[in-house]
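One chain, chain A, links the two complexes that follow: it is found with chain B in the first and with chain C in the second.
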Partner chain A sequence: MAGLATTFGSGAMTNSINELSSAQVILLSGSNTTEAHPQVARRIYDAVDQGARLIVIDPRQTAMASLAHIHLQLRPGTDIPLLNGMMRCILDENLVDELFVEMRTENYIPLRDLLLTIDLNEVTATTGVSIKDIARAARIYARAQRSVICYCLGVTQHICGTANVQSYAGLAMLTGHVEREFTGVDPLRGQNNVQGACDMGGLPAVLPGYQMVADPVVRDKFDRAWGVCLSDKPGQTLLDMTHGAGSPGDKLRAMYIMGENPMLSDPVLDQVEATLDSLDFLVVADLFLTETAARADVVFPAASFAEKNGTVTNSERRVQYMNKAIDPPGAARDDGWIIMELSRRMGYAMEYESSAEIMEEICLLTPIYGGMYHDRLIDNWGLQWPCSDRAHPGTPFLHKFSFARGRGRFQPASHVPPAEPVDSAFPFLLITGRSYHHYHTGTMSRCCPTLNREHDKPFLDMHPDDATRLNIPDGSRVQVTSRRGSCKFFLRYCQSLAPGDLYCDFHFHEAPVNVLTLSARDPEAHCPEFKLCAVRVEEVI
Partner chain B sequence: MDQVMSICCYCGCGCGLYLQVEQGRVVGVMPSHNHPVSQGNLCVKGWHLHEFIHDPRRLTQPLIRRNGTLLPASWDEALDFTAQSLLAIKEQYGPDRIGVLASAKCTNEENYLLQKFTRAVLGTNNIDHCARL
Partner chain C sequence: MRRKQWILHKDHLLPFLRKLRKSRSLVAPVRNSYGDTMYTEMNDLDNESIELAEQPQNSLKSFFFPQREKLCHYSVDEAVGDSAQAYRFYPSLPESRAVVYFGVRSCDMFAVMYCDTIFLGGRERDVYYDARRRNALFITLACNHPFENCFCNAARTGPYLEMGYDLQFTDLGDRYFVEVDKARGREVVQQWPQFFVPAGDDDRQAHYQAALESRGLFRRQVHVDLAVQLLDQGEEPQALLAELSARCQDCGGCAFICPTCTCFNIVDQPLSDDRGERVRTWDACTFDGFTRMAGNHNSVQIISQRVTKRFYHKLRDDVLRHGRSSCVGCGRCVGMCFGGVDIVRFIDGLCAADDKRSEKREDGHD
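Now for the complex of A and B:
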């Protein structure tokens, strides 16, 4: 979430999910919300029922897009020119919130200079969206009192993901649609506790609460609390680790993987497999013998969420307490116990009586979690960070009266063409996503009989015009090939895609989509370009 | 039947719900009516949340690879072997040759402990998770 952090100083959702239903205009981008975030979708339906206008930016004709007042069906990967076009219209029609820009932001002049060079005809040529629609969307978004932007993985998983996010943030600042209730910029988090894993410092450059590893004052505080001398060298990112990037001297010899399955979730699987196999030692803690766990030297059986106490943090920064309902099966233990035991055996005692005691340490060291003591979270539905101390009531919306970084910073961006354009050998653009019935790589949800009954086969969606041209009947077995590998699907006709685009899910280990995808990465967020790659399709006879 | 307050573990909406527990088994799920997000609603994933918990394929004991095959072991064996292996690699190659992946499926407390373990015990900042994906 580097994009939002450099613009606003914080990478989290600025609003609460509930606020969405009171928005007047919702601009939804790259988010198949009805499937990936059903509760957010419900708020959007509510808002539309109450008269809100919905603008959807998505290459697919999603359920949300059919509800939209304006659907900007752009070519995949052309968000930046589209947004620059919208901002140009806002500038031309004098809809800039000048007071807000003056008082609360910085770096506006370079953005304005860039916008003045934008040719709207060119924008239409690149994005495939008409000038009329761009201008209409810009006007509706800018003129309303309460406009909200929501975006999802479609935006962040492009080669230019960071710049995409910064452009959306720029649009919000240009029109003053941040810092108040019912306005803001909201990234929708894919998994249950992604927000919490980031908040807790499960990132190479930051300690808990986004306190920089590079900052000596921060390190000093943690050094004293933990009785160690911390390394000031920011660590390797996920893709550096799993793809053996950097010099041979950085190549990992050992890994500890807690509850993740990079064998399936990482782009370009072959390299992940090679890296995991090249390790001297791999230890995995998980509920199931996943593809990753099957390659480990040691596997720890872990407890599920119902088998332990602790907190998780949702997309709207709400820290919520989960109660233990049952004991783990057999000898399985919770991850906290496993880490403490390991730590003790490696000569560093971690002695916590309970997860509440761990949280006390978090509160003391992490200003945004300063008041998140378990006794305040039990028997209610939690508090939203920042929450600085015991008396603090939590924060439903962020950046009230000032951005976390002081002034919001405009980051002008120009169009970055997709890392792998289509050509005659690989004529289709493949878009990947997640479906309603499954969750990430499917380790949990694929074991759920009801979900499997609903959705048990890997489908490839194709526009009927393309399928007719290639003479492939609906339901046939097809092989999809990219420059990196191939895998098999069942073909499904789908009117909602633009011809030339294909869509598939990434939940199935029998069709590991990631063997196809790219690892050309966003230079700042190290987010793989995961959503798009060029492929060809053949029927399997 | 016990009703235990919990949070759906599938997506970032974080719906509040009650796990229905009977004789040590989670047999059903009820949405919370006053939870600010769920407000009495769950999606299909939430309604079937309990089904994977009792899946027969759950791991129930530690495994250690011996002669190429993962075989059951005791916790002491698995933990000691892991601790020794990590210490040996840290000793021989330095802390920055060890990498750790945190999890969007684990709790805040567990993620906190894991990054503390990575930074204070292993001595490296090589920790990341799959949120970028």
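Now for the complex of A and C:
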């Protein structure tokens, strides 16, 4: 989010998902697309069927990597040197789109100077990818007219997540692969409405539509609409809250958590637990009694997605209307109702008759959502923002003719080693991710008998060579220990990892992976390095 | 003896359905408020709109074999301990309601007949299915305009039915041509004779003409017979199956949308410490857990054979067991599958490989 915002001026997918199937080259990084975004994977299959070339950058041999023409199986956390290597090849082979760089971007000279210092042998030594493969990938990506980059959490959930994203954006700008249909840089969002939550101001420094809290004109507009005086101070990020970065003076005293389960999903769970226990008052609204809800003073039973009307906004900035299919069970209510009731009883009456009325207010106050009235979204596939007014048809791809911030800005970056390198005590690098059958902390999916049958145990994937060396048989119980804690898994031999790397997913409360992970985070986006930590493995006897 | 045929004027359709509804529930294709057409139980004939120009997205399967069905509930007497005696089971049978299914497409009618052989054809009748099925009346609608993915002509289930229905309606513009097959259909005509006028030669001509025209309107050519024949001859298209399996995204959508996929799983769901429900849920052979055994052994190589069972079952095993393929050609899996692993793709791939081989053979002769 922060990475694309500083280079392009807008932190969202530049294209539409449908455009993927017409690309000539797709560069996919840090995404297990078939498992996490099957609807995107479908377009990639279509594109490959039609002759597109697929380049995959991933430390694991995912299904997409097996389909790929080139799989750059880099060492985890070495995206920046790999991309610098690719850009160096592009420079050496005169594949830079000079006209584009000249007319549409800025800060190119520092990038070029950096690239000229890159030693490709060193890149190979750091990343574990051969010079030949780097050069081939660079050539294929740069030469095609319609090349597109897709990336996911494998790129962002690192201490250098923002710089990683900026490097991918740099690669796209260097070769002029932005601003047109079928070309661009597309982050795939983790959930169906993460984009919508960000759009609606679910970030510390912005009000809805990325309007800055610090801007007095913006504040004045919202003050008048809501009849209150808003604070000019940005809020805190989730990790600041749960890991108590704030000064002792503004210690957090109460929290209201909706549909989130930080007791399983946030890093260093001990610390999260301590924070939640130290609160004066904790309110949780969720469908089930999650690990977090179990610690709450008050729990509100919330309605599920199928039990309410409203919109969600997906990766491609598409606002889609969802119809209520069934009534909420028992006393469950939708989150909007709960918030309005709370607000009323706390002395501020919110009197919205329907989600359509709330959407009207969003249209009024949020320029990028200016024309997103419910009646325009019903009976179709929705509209993509920016959509400024009722007559606006929506925007399938961004940065047409000009970047949102004017000129695209190159942000040269150098290698940032993982926050916790392996050593003799903790010799394995643990990668975390998501599996096909479960969603996030399994609050919903683990309650479904068929999904749970498909995947009912926490597995730890290990290369057979490592397992043979440690003399641990396939299927054994193993304990994984990091500097912060340990949890138990079932070992699964897996050829798709490089020796020395381990993989597990974080859906299981029986194996709360985030007791292992670390809270080191990206300096700009504050996204923690979920993807990597150093661990050791022992068989449980 | 030629069966009696009738004419029902379109103006009289709603009054006719209203009469039927006096002693039965009515299920028909209804367009809902967000534009989807589904077979739906109608509560209000005047304010819900029957949609006969669209293919219903669901089939009738879930009306007789629901996605999730409680078979019984149980209680555990903790005083007895954890032994088998501690459990008491209380059966829960669905009530056997009289339901008229109106506007049923030929393929969907055929699918019901297939499900009958599965649930009622063996030595043991499935009492849950039987209870829902026993008092059903089917009024089918012959397809004058096949939809985009339809291939019932190739699957030999449509577009017009020759048997199996109670009444078959054919749209002749301002009137329906009505054919009677089963006794229950005849009873309906006898019970409300005021709606039905005997069909004349003109009507029969128009009906024949419509049937001929609809056969020419299919947009797909799917060689179901050739695929069945190749599989019967022992063809094992391993490479094609491996390619399709790799692309299968394991969602189970094909089996769930399929009107003739009848596999299920039975699980006990505890509701509290001392009681729970035994439920039957739809299952799919493409799932890993469908064939996985204790110790994580799986007789199916999921990576390369995930879809094998599904296609073989439809096009080979059911032909051997029941004398015909159990794919009814409704095309729903074609629209549903987002990996492009539908049965049409399999059949096309199988036939294309055969074409290539025969070309090679011919080249060899030259």
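In this text, the second predicted complex is superposed on the first by the 541 of 541 C-alpha atoms of A that agree within 3 Å, B and C clash if a C-alpha of one lies under 4 Å from a C-alpha of the other, contacts with A are read in each partner's own complex, and residues count from 1 in each chain.
In this section, a residue touches a chain if its C-beta (ideal position, glycine included) is under 8 Å from a C-beta of that chain, and two chains touch if they have at least 3 such contacts.
From a predicted model like this one, the values you see are computed outputs, not experimental measurements.
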Chain B versus chain C as contact partner of A:63, first or second or both or neither: second
Chain B versus chain C as contact partner of A:262, first or second or both or neither: first
Chain B or chain C, by number of chain A residues touched: B
A:300 touches, of chain B and chain C: first, second, both or neither? first
Contacts of A:345 with chain B and chain C, given as first, second, both or neither: first
A:379 touches, of chain B and chain C: first, second, both or neither? both
Chain B versus chain C as contact partner of A:358, first or second or both or neither: first
Chain B versus chain C as contact partner of A:45, first or second or both or neither: second
Chain B versus chain C as contact partner of A:323, first or second or both or neither: both
Residues on chain A lying within both footprints (that of chain B and that of chain C): 38-39, 42, 323, 379, 436, 449-450, 454
Of all residues in chain A, those that touch chain C in their complex: 34, 38-39, 41-42, 45-46, 49, 63, 66-67, 323, 378-379, 436, 449-450, 453-454, 475
Touch list for chain B against partner chain A, complex: 2, 4-16, 19, 21, 24-26, 32, 34-38, 41, 43-45, 48, 50-55, 57-65, 70, 75, 78-83, 85-87, 89, 92-93, 95-121, 123-133
Chain A partner contacts - residues on chain C that touch it in the complex: 33-35, 246-247, 249-252, 265, 267, 269, 279, 281, 283, 287-289, 295-296, 338-340
